[in-house]
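Pasting a structure below so you can have a look.
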């Protein structure tokens, strides 16, 4: 085993060296500019049984998000708010490296960073989703299945979640004698803003948006910057084992605000109100 | 009433009609083989990885390939949100799907290796195990695994006095019997057979024949889907001639 | 390790060849006919602390089933029915191959197939086991401990479960002010029919009933056929990796109906009302 | 009242009486050794597998055998249904049973191997750990494991001012102290000692002596059970002479 | 690996032989008498967020216990008593042998033996901790974090738990309309006695108190004896794989009663009422 | 009001004040390196074990050391008792702490080995991840691991219109933004950056600068704590000169 590992390491180092060289000449292996995204396709409403759903393709990365709306008890300390619960599973279909099983560190970080963008932007006005404050509230599950993984799962999952929430329909519940009754009517969710995440990676001295899996294999560090409709930051997550300089971060934030606005108009358009 | 006075079922089918079926081959980019099936409201994606090295190594078999299978439902696939942890039902279905596929594969061609079949139910309707088997067999073919034949699956069941083909969700819940069958068309062999519900011996024979008939119909759709991927428009032209 | 594995495989192949040859001459290694069962002993009432119990010996296979009756909430979608919950553990006592731990795939299939026979036959009239429909119902646990394993666990477990349920006594509960009170009286369970499973295995071209562990080690395929008192089928489960021909299945169903009737009279006799 | 005016306990025993004990050897066909004990209402089956190869191999010890023990209660064994997952109580009891048995075994005779002792409580009454140890020691003998002596176990306890032998379930719950002891008769050594409840130093001495006395009574029953299996009617004849 | 294991065993045997020799000359490696404890430091109130806390240093062994008081349902069969729930985690900080993860056999025994001492001594009068008998009671969590492990975790943990309970303050709750309200006032816990555990180990023929980790590595058997304020025994636990003679046990009990009294006065002093 | 008319915060600090910080080095006897940090009401102990052999061995890397990190909260560390099983939050924080430390270490100096960093929160206040990083970096130095620099961490955040240094628990819950940062002072590099809450681009720059300023203050305290352990009174004398 040790010899095969050693050779793998040499291959990895060579690949990284090649990539750094190409980047130093301003080139990405798939021909994109450093600041361009791969093709982004967003399709909504494909899971009839969900209250909202969206499938996002970002290049070959493919993610499905589904929203299920139920009722339940509020979270402790948030008695007067609806409960939002997010999860993500990188399906074993997604690549040959994924083992089936409970979510690992990466998948947990993924869902928590996406959750943070939605929660901190106050995209959903959770104050409007309490039925009996302190007792019964809307419980909104957003679950993501990553079907194919070719890099930048964070952004693809984030867009799928935001699109599914934006276009979901909430059942209108009433409470009678401590029993929740589904009236059969639906309403749009209380949306206040649209958070958009933009992820950049640093490879050597180059900073690139929307990395492929191949680029992620060579990255030194990663940063995810989530902005809301007015361009303010609402969530940040620096990831992976390398550092960033202050300038790289400030520049990434600038880029993320512009690129975020671009993607936001794409997502807004889904609602037929774009 | 699950069947009206005109012999129509709740989704407007006749008693011998399949639901709409669409199979798309090669939908998961990273997989060695894959297929997406829409079978009524079932939406199921199957990815195949392998033959590949087994980890941990002591699981490898010196004379043949290990076949593994995971049937899993996404949390949003069901009426009430499903807990993502695998249920006992999913464990059992994973087992019967694997066993229904195994007779079709020439596993001795890949000693010491493993083939993984991942069946992910994105939306569940009645009959998701049959739909999963149909997509899985196509995905195995797409992965280029040596096989004797495709495995085709379809349920038949009983609604009152009627034996009907291809039970949907509502019929599964309110009907009287559901009997999923998987079938090797060339060998005329049964590789999956389960029954939930009551059937007299005569009803059972009728049900079995009907399910096999359904499997044969599915078989044509599976072959077509593969032809379409591998020969594309050529095939369509030829068929129109 | 690889050489030892290879030799095991050769041994296995030789054994299977021998068995197929013997079977082709109409002989089983233990001298039985293809369609006969091993000695079947059923003993009831051996666990005083359970509301019902039965120990089944089928040759050297030994299974104990215990029924515990409590009250609880109904299952979702079955609000007006009693709840029936079945589990089986293959104890590590049962053979040198069993590891202690949560039930594996085999044990889960085992308990689900046995459960299906009871449930689909409507052996217990669960409609009669709701105390306050939608709120409080009888919860009937049937747990099985497989003590020794020598093949055909499915039938042995099924007979133990059916015998334990048939002969159990239900506490009579009443509900006063939302509190369940055990009156101290008991009643027989609401039995409508007696499901009996019959398991056959195919080895080469031969189909045999009630396989031993040695026969199971050589089997190509397995089928379990459960019939109720009137001889109708209520559950089927094809198992293992080989296929069956349509004729083999039709013939197995015929045999299972007859053999099932034979075993059913044995079980009926337990209730003193046979 | 746990003891009435005639000095009788709730199950009609005197303060120095054991409950009825019956040990049957060799009851689990596949096991290398086994025993079934009825000890009052306790019904416990013990199977021994080994000495056998250890998996994973790195757990093996080069100079002696590893002893493993699982004490487990079947879900139907208790008044309220027991969850089948192992509880913290079962983990602790598995440990003390293993430690109570280990001094009796010559583990250095089986380097690199493992011996597994599986104690399954089919019905639980007070004192199931003692009953389990008694059956386990007999089952180890039945498996032919080299041993110095049998391990015999019995509890004593306190009901008010009385020190009594062999606490039952009700006495365990309503009494004042329960002290299980395991004992090597030939070596006069204690291999298990636990206490739940209050004892003055004098009461403790009395309790310990009483428990040891109980262990010695159990020892005879263990030997008889083994004789019966291995010499059968011969023994009985001889005893009657 | 096998050769390295073999050499480890030889080292172990040599070390044990050396220790037995030293002990036969009446000497412990750290110079203590057989019946003396290492330096014992007890510090209370160091976790403001807990309702009670204590840090114990016993030589280099260091344990922190924290008490958290909540309300909840009573345990089954103990409907009219407060609920006491104890747990211990040997932190991976504690030694190079600890793996992070759920508590193993040792940690479970540890917390159960400590729990038994508190519970069987009736240190806390749990009858006084029911709010609405059968429905709502005080739930008292005592959690222990073993920070550094140098032997005799049992006693160190026991002292930390007892000190934390003795010096904790209970919030005064009232129940109005089925809702628990924290009045903001506090009260001392209902203490009836002070249990103290004393642990001895046998190495060859010597019996020593308060073993170090090095001594534990050589021990044949261990016994923990817990006494209450009047000197009565309330819990015993023989541990490890060797036996004790009856005399060794009787003598250990005597020693434990005296040593326990000594340590009890130390603990009593913490409460300012000693 | 989180800031009063005098510009004082709820704990009486000014907007640019750190909470009280005290770091003690070498507090866990068995560990290769350790530190205890009190950071406001945070009380966190960190132990480092390693470089040491990896188990299981296949996790070892031939060209560098594996760094592992566990951030864990004791059950009594929080306002409501915390379940001792690791939460998703703890898993994420373990990951970001590990990643924040890694750039400071020369892991290629220890091929095939592992370094374990255990961060145990005994009492949690706002900012426990930053406090944990600060203690962990000192503990790694105490363990003698080859490093480029210490990692220093501090949060800044927003309360209404004010950008403030070092957010406490109440400010975290009731304030508008919390942004933890970890920083390598010599290299002027960011190794941790997270944000919960809303910041305009200008506020972000201010926040980042303020956090870096805080990190530099912490850096001095870290160095002092190490000096104190390794040079003790000597240092203090020198400083007084």
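The letters A, B, C, D, E and F name the chains in turn, as written, and every chain counts its residues from 1.
One rule holds in what follows: contacts are C-beta pairs under 8 Å (C-beta built on N, C-alpha and C of every residue); 3 or more make two chains touch, one makes a residue touch a chain.
Only a predicted model underlies this, so the values are computations on that prediction, with no experimental measurement involved.
Enquirer: Could you tell me which chains make contact with subunit A and subunit F both?
Expert: none
Enquirer: Hop distance check: subunit B to subunit D, minimum number of steps through touching chains?
Expert: The fewest touching-chain steps linking subunit B to subunit D number 2.
Enquirer: Compared with subunit E, which chain's mean CA position is the farthest off?
Expert: Result for the farthest chain: B.
Enquirer: Farthest chain from subunit F, going by the mean of C-alpha atoms per chain?
Expert: C
Enquirer: Go ahead and align subunit B to its copy subunit F using Cα positions, then give the rotation in degrees, nearest 5.
Expert: 120
Enquirer: Could you work out how far the Cα centre of subunit A sits from that of subunit D, in whole Å?
Expert: Here the centre of subunit D sits 58 Å away from the centre of subunit A.
Enquirer: How far is the middle of subunit D from the middle of subunit E, if each middle is the mean of its Cα atoms, in Å?
Expert: Distance between chain centres: 27 Å.
Enquirer: I'd like the Å distance between the centres of subunit A and subunit B, where a centre is the mean of that chain's Cα atoms.
Expert: Here subunit A and subunit B have centroids separated by 32 Å.
Enquirer: What is the distance, in whole Å, between the centres of subunit D and subunit F, each centre taken as the mean of its C-alpha atoms?
Expert: That gives a centre separation of 53 Å.
Enquirer: Find every residue in subunit D that makes contact with two or more other chains and list them.
Expert: Correct list: 80.
Enquirer: Which positions in subunit E touch two or more other chains at once?
Expert: Residues of subunit E touching two or more partner chains: there are none.
Enquirer: So what shape is it, when you link every pair of chains that touch: line, ring, star, complete or other?
Expert: ring
Enquirer: Just walk me round the ring: subunit D, then subunit E, then whatever comes after, in order.
Expert: D, E, F, A, B, C
Enquirer: Can you tell me which positions in subunit B touch subunit C when the two form their complex?
Expert: 58, 61-63, 80, 88-89, 91-92, 94-96, 99, 102-103, 179, 184, 187-201, 204-205, 208, 212
Enquirer: Along subunit E, where are the residues that touch subunit D in the complex?
Expert: 1-2, 5-6, 9, 76, 105, 108-109, 111-112, 116, 120-121, 223, 228, 231-246, 249-250, 253-254, 257
Enquirer: Under the definition above, what is the set of subunit E residues touching subunit F in their complex?
Expert: Spelled out, the residues of subunit E in touch with subunit F are 46-50, 53, 60, 62, 64, 66-68, 70, 87, 89, 91-96, 100, 102, 141, 143, 145, 147-150.
Enquirer: Within their complex, state which residues of subunit F touch subunit E.
Expert: Touching subunit E from subunit F are residues 28-31, 34, 41, 43, 45-47, 49, 52, 70, 72, 74-81, 84-85, 116, 118, 120, 122-124.
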